[in-house]
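Here's the structure we're looking at; comments come further down.
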Amino acid sequence: MATTERKDKTMSMKAAVAAFVHDGGTVCLEGFTHLVPTAAGHEIIRQGRRDLTVVRMTADIVVDQMIAAGCVSRLVSSFVGNSSAGSLGELRRRIETGEPAPLAFEEYSHYGMICRYLAGAQRLPFHPLRSYGGSDLPSVNSDLRKVTSPYPGPDGEPEQIYVVPPVNPDVTIIHAQRADLSGNTQIWGLTGIQAEAVYAADKAIVVVEEIVDDEVIRSDPNRTLVPAHAVDAVVVCPRGAHPSFAQGYYDRDNAFYRAWSHISKDPRRLQEWLAEWVLGTADHAEYVDKLGEQFWAGLAVGEALSRPVNYGRRL
Amino acid sequence: MTTTTTTTAPDTTTSSELLSVVASRELAARRTVFAGIGLPTLATELAHLTVAPEIEVVYESGVCGAHPSHLPETIADAVLITGAEAVLSMPALFGCVLQGGHIDVGFLGAAQIDRWGNLNTSVIGDWDSPSVRLPGSGGGIEVMANSREVFVVMRRHNPRSFAETLDFCTTPGPDRALAEGIRPLGAGVTRVITELGILARAGVGEELRLVAVHPGVTVEQVRAATGWDLKAAGTVGTVPPPTEAELRLLREDVDPDRVYLR
Amino acid sequence: MATTERKDKTMSMKAAVAAFVHDGGTVCLEGFTHLVPTAAGHEIIRQGRRDLTVVRMTADIVVDQMIAAGCVSRLVSSFVGNSSAGSLGELRRRIETGEPAPLAFEEYSHYGMICRYLAGAQRLPFHPLRSYGGSDLPSVNSDLRKVTSPYPGPDGEPEQIYVVPPVNPDVTIIHAQRADLSGNTQIWGLTGIQAEAVYAADKAIVVVEEIVDDEVIRSDPNRTLVPAHAVDAVVVCPRGAHPSFAQGYYDRDNAFYRAWSHISKDPRRLQEWLAEWVLGTADHAEYVDKLGEQFWAGLAVGEALSRPVNYGRRL
Amino acid sequence: MTTTTTTTAPDTTTSSELLSVVASRELAARRTVFAGIGLPTLATELAHLTVAPEIEVVYESGVCGAHPSHLPETIADAVLITGAEAVLSMPALFGCVLQGGHIDVGFLGAAQIDRWGNLNTSVIGDWDSPSVRLPGSGGGIEVMANSREVFVVMRRHNPRSFAETLDFCTTPGPDRALAEGIRPLGAGVTRVITELGILARAGVGEELRLVAVHPGVTVEQVRAATGWDLKAAGTVGTVPPPTEAELRLLREDVDPDRVYLR
């Protein structure tokens, strides 16, 4: 039986961002603490994109950097903080003072964002969820609406429930451990909402630590969270999730998270950081080199291999 | 059938081979196909070797990018899973891939089809006390509502199957959905491939029309075998018979063990 | 840091069915072609359960057997056929003739059933889906209802969409390749709707090919589709999915699927089959033995191992 | 604090230790806890060794049954994943586990809490132009709506944090939800553990009341530190100070590197 030869979708980060991220567009960056697509955010900064709407559950350091670089006019998010390490200085300034420019903010809860991705991925007009009853959020976010269930509630009376609308980004960018040339993408450890965010988008860029042979992917098809048909570009970018981590590849740079609260608190220092580390590097490979091998040795991880399972072979 | 040129097939062509070859040609330039096992698989595999090199089958079981070691006997055959590129959960398959709009062509079968491409797979007779209880929708309702277009391959072309009125409409085409105020994604059934020829429609508001007959079949034969007043295209073409190249690929590469080419 | 010692939830099939499957109850059996919980269905037959509502997407051989044994008064399903191999004789007789007793049937499509499980698992009052518009199914299934979206449709007009209600079985039974003693359950190959069906239920029985050491499960936590906290009983029952298959353990018995269309067509022959193979065996181990080692050798599969991934270890 | 018996702790007990020990006791007989990193983790781990041997932490990152080699620094720390029993996707975690009703106790923090256990984690000041923009809900809204009960651990007990009126209600308790006609699953906040004592409420319709103070703290001190007219239980107990056994477990087994016990 014949099998399909698949298209090679690999591109450089520069080419992928140029092709799929446009001024005024809606860009989703996902990865829940794990596999944050930082290198892609940096390339968006280097290419000077403007007026983006950024969609991301946990708006963290990379979002603060993109805002500080002037790329972002609107943010859709459910958590705007520097993890447990402190604050996002630029984001707070924009919202608290409107300086140097205001930032429009659509505030959700985590599950509200998850349901927006689910609705977007599944082409649903809305997704219901048991949140928001009694919250002030609907008073500041008119997209949080209610529907009456057509089935009686537990007490026999009509039952109301909040719903959220779909989100359909122009492009979703995720970071993953590995993919094949055509974009079959495997992720392990925390898998978050990446697959749904990809399906919700018009175009999808998958940034990976490494490209592997088809045989590696195909030895474990359940590990493929994003199939090739949903992927438009595959970008190889080792260590592209720093300062977040890639399970089994490198650990989280907790020191940088703590440092960011201080860097971002001072606008001048923040801009100097961007000038040196993002605009001052040609690409992520240069950023990685600049950090130095000794630095990376500090984030190195040891081996904890999964035990193989048998998929079976017809005899 | 004709045997007058070297590029056409000998008249030993089976009905399965004929339907597979004709269906394969209709897949030109399509990319993602949602297909069951049997003729749709054969057609898709042959299309991959001929008119649609980038085509990919997504199976209702959740398998994408299968590389089976043997021709699969069901959509869930273990040989489809081992070595596949991805295996998706049911919510991902039906929600994200199918309802999400990633399927170009869905293949469906039916006990009855009407002129608008509505399908019955539930019952012959009344739903409440049917004379024949059929398997029901499976994912058929979703394939119809969410694929860009649907191909139907029907071995039997007779007035009971090509019905003026369905006993029950399990799987509605877009015209029925729109009449209820619901807008489906796709065009509904655009091709019906039978042993007599090919019916086609472009989308909403159009009936199925006879666009081509197999060599030796007349328009009147097809109209007589159809339960409704079947309209014909201005020019009804003749389906070119399977070429020797198509048959060779089908017999030697796609189904060498003749699992489906019975 | 301390870690939790988990409860041993292993039970015999007999004890698990006795404890969790009750006359008049709603029983969900899931497994989409793969990992069909046949042995559990047989034990329900042996224990003579009555008046069950069975919920199962693809009502296939095991459901036909349970109906023929007089266990089932109501069926909720989206496909009532013997795979591609033919018909379910008993189910057809019950629906077509009402003999020897009628069978109430709630007809859905596959995604309708999936959405019922999703709503049940997530405690939602309903789940929307883009199916059923124009279908005759809502005329025979009053649980298919419509909701008006609170967001304007693509044309700016109000948009209607069908919804299905949650299903919350009293007990869900699934078959899986392996679990640990506390019920962390790993499935590979086709994973279907099993996890959602478990979460939708009040109680859950997981039947497994084998119990493995905690270390095996914990070497690959992404493979755990059903976590222990959702599982009430773990039953070890090798070859319990026959005539369906368990990826990597044994292949599908296609000959039996074909044979069932003939067996089930004749009520007497069907009852004889039940008497010999289900009521005439004390448990599934006896059924397995009765089939014989030569038979099982014919369904044996070879090895196709997944390549390990590295979860990493802090150095 | 008292040092008069051998089973109570020396007065070197830190505030983190005190809060962790008191919170751990409240987890008696609970089975599933949804917790962030820090004091809730310490409390849960200590409860496991003392009053709740079957307790399991589910982390907001999707980890169930973690067996970390080192004390985790975040809810997504790589050491929580390696060797865990299960790692769930976000839809499974928030949809099936949390909204599905599988969590007995959720831990939440807040910048402000009111007498009904409603929480503000969004802004100080107006939402449109706040004086302080806080991180927002995260999963807090879902933890409150879907856990059987919620414990709040607040280091600072002062009238700005224990507010008569919230600047913004991010995360409503069930009383506010019911006023809007929406019925949440759980009781909302049932325990607030602070450096001064313990506030409690049983569920809908009840205000938080002072049920216990730490040794040496007076009811009046707590009322003065609370922004609303705090009611006290008929009998306000005294929280037994951490025992030496509790402190030893916390210091030697739970957090030997003193990552959180600062």
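Labels for the chains are A, B, C and D, by order of writing; each one numbers its residues from 1.
Note that a residue touches a chain if its C-beta (ideal position, glycine included) is under 8 Å from a C-beta of that chain, and two chains touch if they have at least 3 such contacts.
The UniProt protein names, listed by chain, are A, C = Glutaconate CoA-transferase subunit A; B, D = Glutaconate CoA-transferase subunit B.
None of the values given here were measured: they were computed from a predicted structure.
*Asks:* Hey, which chain ends up farthest from chain A, C-alpha centres compared?
*Replies:* Following the centroid criterion, the farthest chain would be B.
*Asks:* Taking each chain's centre as the mean position of its Cα atoms, how many Å separate chain A from chain B?
*Replies:* A distance of 39 Å separates the two centres.
*Asks:* Using Cα averages as centroids, what's the distance between chain B and chain D in whole Å?
*Replies:* About 58 Å separates the centre of chain B from that of chain D.
*Asks:* Between chain A and chain D, tell me the centre distance in angstrom, where each centre is the average of that chain's C-alpha atoms.
*Replies:* Here chain A and chain D have centroids separated by 29 Å.
*Asks:* Pull out every residue in chain C that's touching 2 or more other chains.
*Replies:* 118, 123-124, 129-130, 153, 159, 161, 189, 191, 195-196, 219, 222, 247, 251, 301, 304, 311-314
*Asks:* Counting only residues that touch at least 2 other chains, which ones in chain D make the list?
*Replies:* Residue numbers touching two or more other chains: 63, 78, 81-83, 87, 95, 99, 146, 185.
*Asks:* Go through the chains and record each pair that touches.
*Replies:* A-B, A-C, A-D, B-C, C-D
*Asks:* Using the touch definition up top, name the residues of chain C that touch chain B in the complex.
*Replies:* Against chain B, chain C makes touches at 32-34, 57-58, 77-81, 83-84, 91-92, 95-96, 98, 107-112, 114, 118, 129-137, 140, 153-154, 159-162, 189-193, 195-196, 245, 247, 251-252, 254, 301, 304.
*Asks:* Which bits of chain D are touching chain C when the two form their complex?
*Replies:* Against chain C, chain D makes touches at 31-32, 45, 48-49, 53-56, 58, 63-71, 78-79, 81-88, 92, 95-97, 99-102, 146, 185, 253-255.
*Asks:* For chain C, which residues count as touching chain D in their complex?
*Replies:* On the chain C side, the touching residues are 1-7, 118, 121-124, 180, 182, 184, 195-196, 199, 214, 217-219, 221-222, 224, 227-230, 311-314.
*Asks:* Show me the residue ranges of chain B that touch chain C in the complex, using the header's touch definition.
*Replies:* Checking each residue of chain B against chain C gives 36-38, 60-63, 73-78, 81-83, 87, 89-91, 94-95, 98-99, 118, 122, 127-142, 145-146, 168-185.
*Asks:* Given the complex with chain A, which residues does chain C contribute to the contact?
*Replies:* 123-130, 143, 145-151, 153, 159, 161, 163, 165, 177, 186, 188-189, 191, 216, 219-220, 222-223, 247-249, 251, 300-315
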